[in-house]
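Please go over the structures that come below.
Here come two complexes built around subunit A, the first alongside subunit B, the second alongside subunit C.
So, the complex of A and B:
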């Protein structure tokens, strides 16, 4: 147990990204290092002890009157915080990323060092966003994450991947500029970037129009990073253009960043009701439009992409309520949904790898050929739809409870409607893939979805199902921690 | 009922291969969504305004349904549509944040 391991969760993937880039072309070396690096990425958050890490070891210093900073003490160093929530999020990210890396290594004849490098870069970036207590450092890694995600999608090739990545980068530029301008306004007003210092500086300053402008700009950035309306089509396009194993990683990263940024927003501007109202309203819109769009899709990957977006809306509703129950339920649902949606994406990944398509008109009748896969997928559908005893039930129930406790029962009804629609959409996908009569040659003649799944996929699916059942049966260790985070946000960090 | 099915079939053609059942389910959810959002927004406002808006909503349903085709067209992957909504939302968010509402 060593707190010195905290920066390693960012530095090691960054160094690995550089090394894997240099190793590109040396197939055996890339394979060996890729597996080794993922093992390290998985193990470090488990053994790292809770605490803070100050880069450069700069102490807290007395105020600097010449800079007109109002605080009596200022944190000079870039600070990383590591507690249970950060541990859970970084480990979840590492676990899903490990599957993405292993599936690439086991399925491709020639492994791309650049591709693995971009996955490593995205892991480093998301880990930094989760832990950073410095708003500018957070922004820098958000930008790195955006570029790495676009690169991963481009690496798949194909026109749809290029188009999706291009749009993602253009709108990412808009959102990034928005966040940076917001940070610049805060820095210009208060002279600090440390989030705790900003929190202290902001108390009593929420009527300042410069601060309110900064809130709006950072909220716009949050909407993009979370894939909420109006950026939901951009995110869903990215998920559907990526290979489903990478889509699982991308949506996990989105949920993690959604929570990390929302915590920062609530810590800094939580008392500003207009901000939480915007977060709540756009999250409700995303939930319903995402569910409706999922139901209208004719491709399984796009169906799951819109479902993932609508579930992000559900997380946003919990957090946007701004109450202890709501924030705790939102954070809890982000973790649960990241696991459950990854499970569904991986089942579709298996179909995509074998059939080379996920269009419903070319699929059908796979139940006979792949009953195990069908069984796991139906479990995944039940999990995402909030059916007990799985984990998403625990969090969705708490979100509905939180809406009622907050005095918005109609939002609870909307959450239920959205959940029902999600279930209908996913069942439609299941029916058209596994149960519908097989009418196309491609599904009957050439494709063999064998009963035996590849070992990596099978083990991953089993682990994810166990995680969903485990958290569903014993939710309190996770929910209590999420609740204590919510308390800290509202009462004081 | 047959006529209704044919009518919806004709309308949903624009969605490109979406089944009638899917379209109808989505339509019903949207029909429930709009009044619920209205209730959520107007619960604190006086009854007269709420009734007027409810009547306006009914008129909108009669003349605009099915909504699902329009919603689907506004949520495609096209760059220009996304850019339009991003610009609109950015304006609205800044308006609300600066205390406009």
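So, the complex of A and C:
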């Protein structure tokens, strides 16, 4: 059954991106349309009913005797699936993007239509990646997402933004080519692109060397798009070059794409025995390296960037276990961590907007003039570090439980170690920003940290804290649904 | 050269394009050469897709209603001889994506050149922190 609101989640932001581009320069129109568009983007996933949407063609083509030719049972249409997981991910994306758009609109004297256009383009791309049941469609929107993200960072990042975006696009070009070559090999072998059809075709063909090559190539793409080792520095450079409010959006998009692609990998190649081992190994590497790198940073944005990367490793560990508990915990943690890291990035956004720097050597002593901000940041640090009763505790605990259930308690130890490292790194950032004595302008109160920041920033912080506490106290409605997604992946879509 | 040989040499050319592209990305110091490397890899993948869709002696996969009415049995012949058109559609899409990426990369290159007055990667990224 076709649900008309499902394609709207991709088509509306795409059309809005084009319109905002055309409106560039007409400040009032851009502001009004930007707010209206975000309202629509936020509301559509709430009201869209679960189901599939087929673009053209028809669901299944059977043998057509009247034409005297035999067509195998394949899906000819491009298909979008929309269930609870897609709804949660698209809504999460829309919520964080709304904050990024509203903070730009309220903070800037002149709003850039092109900038908002790129945010819209990235929303459309990530929504399509989450819903597409077609591997080529997924690839196209991954590429669009890469370009849009680079453009967002270029727009506000200065020279460091250009450098980060350049590296991101070069590596993105290679990773994109890798995914496309993998798709080409699968297409050449099985003749189909629909993920459900490929899943059926692949069963029993896991020893085929062409399939194994395709697995390797697509996994390289997954590692890049998810910011996992060895591409962790590329993503962290992007986060730290962007403004913190945009970094919150970028890291949310990365976590969403990580989950979407990991589900596709498990659906297609879950039968390949070494698949989960590869995912696990690289995710553990990301967790540990990301945490250690976070400890070494001298800039709060870079510290958070590496923390976000290490948390992506934690999500990868959950999903990489390949068990029901692990996949469910991984998906649950992706949602929780995207919210918690956004909270932390926004607290740093306060500091960045007023001090125009996040380097530790130029910060310090902010506790006196910003005690509320310090309090919220401490809460954010506790959330990301997995302290009860917050949401990330519920998912990190379940990931550790899943490692033990899967017979890998050593992985549980590594997860705990990574979490402790993350806590220490974040506390270092907190100390150097709020507690350390300093004589810079900002510490002496010559720059007031609360002056001039829009109400939307405060409201967003409060909403995010409420979300973290709410999910932490009542995790089951979310976890149960993540568990049913895991069951679907393992038993059959 | 028969159809199979064309396919074989196309795959070899695609592999060469990708290897040259990877070499340029890793070993070339000039930013423009690195960008050309990225594009060469994309072109190599496009060539793989085109070669997949190539059928020696194949016909264009379009059949009109008029043609079908004239000769209903033509569908079987069509199914036997038509080229596989899907890879060509994919290549077209990928060319557009490649052009967009190239445009953004060249735009960044102009900005970096204006700032550093150099196209050397070592020069531009020498202050980079890990």
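In this section, the second predicted complex is superposed on the first by the 469 of 493 C-alpha atoms of A that agree within 3 Å, B and C clash if a C-alpha of one lies under 4 Å from a C-alpha of the other, contacts with A are read in each partner's own complex, and residues count from 1 in each chain.
FYI, a contact is a pair of C-beta atoms (placed from the backbone, for glycine too) under 8 Å apart; a residue touches a chain by one contact, two chains touch by 3 or more.
Keep in mind it's a predicted model, so treat the numbers as computed, not measured.
Q: Determine, under the contact definition given at the top, whether A:387 touches first (subunit B), second (subunit C), both, or neither.
A: neither
Q: Of the two partner chains, subunit B (first) and subunit C (second), which one does A:413 touch, if any: first, second, both, or neither?
A: In the superposition, A:413 contacts subunit B only.
Q: Considering only touches as defined above, state whether A:174 meets subunit B (first), subunit C (second), both or neither.
A: The answer is both, since A:174 touches subunit B and subunit C.
Q: Please determine whether it is subunit B or subunit C that touches the greater number of subunit A residues.
A: Result: the larger residue contact count on subunit A belongs to B.
Q: Just checking: does A:428 make contact with subunit B only, subunit C only, both, or neither of them? Give me first, second, both or neither.
A: A:428: touches subunit B, not subunit C.
Q: Based on the superposed arrangement, let me know which partner A:220 touches: subunit B (first), subunit C (second), both, or neither?
A: After superposing on A, A:220 lies in contact with subunit B but is clear of subunit C.
Q: After lining up the shared chain so the two structures overlap, which partner does A:233 touch, if you call subunit B first and subunit C second: first, second, both or neither?
A: both
Q: Between subunit B (first) and subunit C (second), which, if any, makes contact with A:136: first, second, both or neither?
A: second
Q: Touching subunit B and also subunit C: which subunit A residues?
A: 163, 170, 174, 233, 293
Q: Which residues of subunit A touch subunit B once you look at their complex with the stated criterion?
A: 163-164, 167, 170-171, 174, 178, 209, 212-213, 215-217, 219-220, 223, 229-234, 237, 274-275, 277-278, 282, 284, 288-289, 291-293, 295-298, 361, 408, 410-411, 413-414, 417-418, 420-421, 424-425, 428
Q: Along subunit A, where are the residues that touch subunit C in the complex?
A: Spelled out, the residues of subunit A in touch with subunit C are 67-69, 136, 140, 143-144, 146-147, 150-151, 154, 159, 162-163, 165-166, 169-170, 172-174, 176-177, 180-181, 183-184, 187-188, 191, 193, 233, 293, 302.
Q: Under the touch definition given earlier, write down the residues of subunit B that touch subunit A in their complex.
A: Result: residues 15-19, 21-23, 25-26, 29-30, 32-33, 36-37, 39-40, 43, 68, 71-72, 75-77, 79, 81-82, 85-86, 88-90, 93-94, 96-99, 101 of subunit B touch subunit A.
Q: Show which residues of subunit C lie in contact with subunit A when the two form their complex.
A: That would be residues 18, 22, 25, 31, 34-35, 38-39, 41-42, 44-45, 48-49, 52, 72-73, 75-76, 79, 84, 86-87, 90, 93-94, 97, 100-101, 104-105, 107-109, 111-112, 115, 124-125, 128-130 of subunit C.
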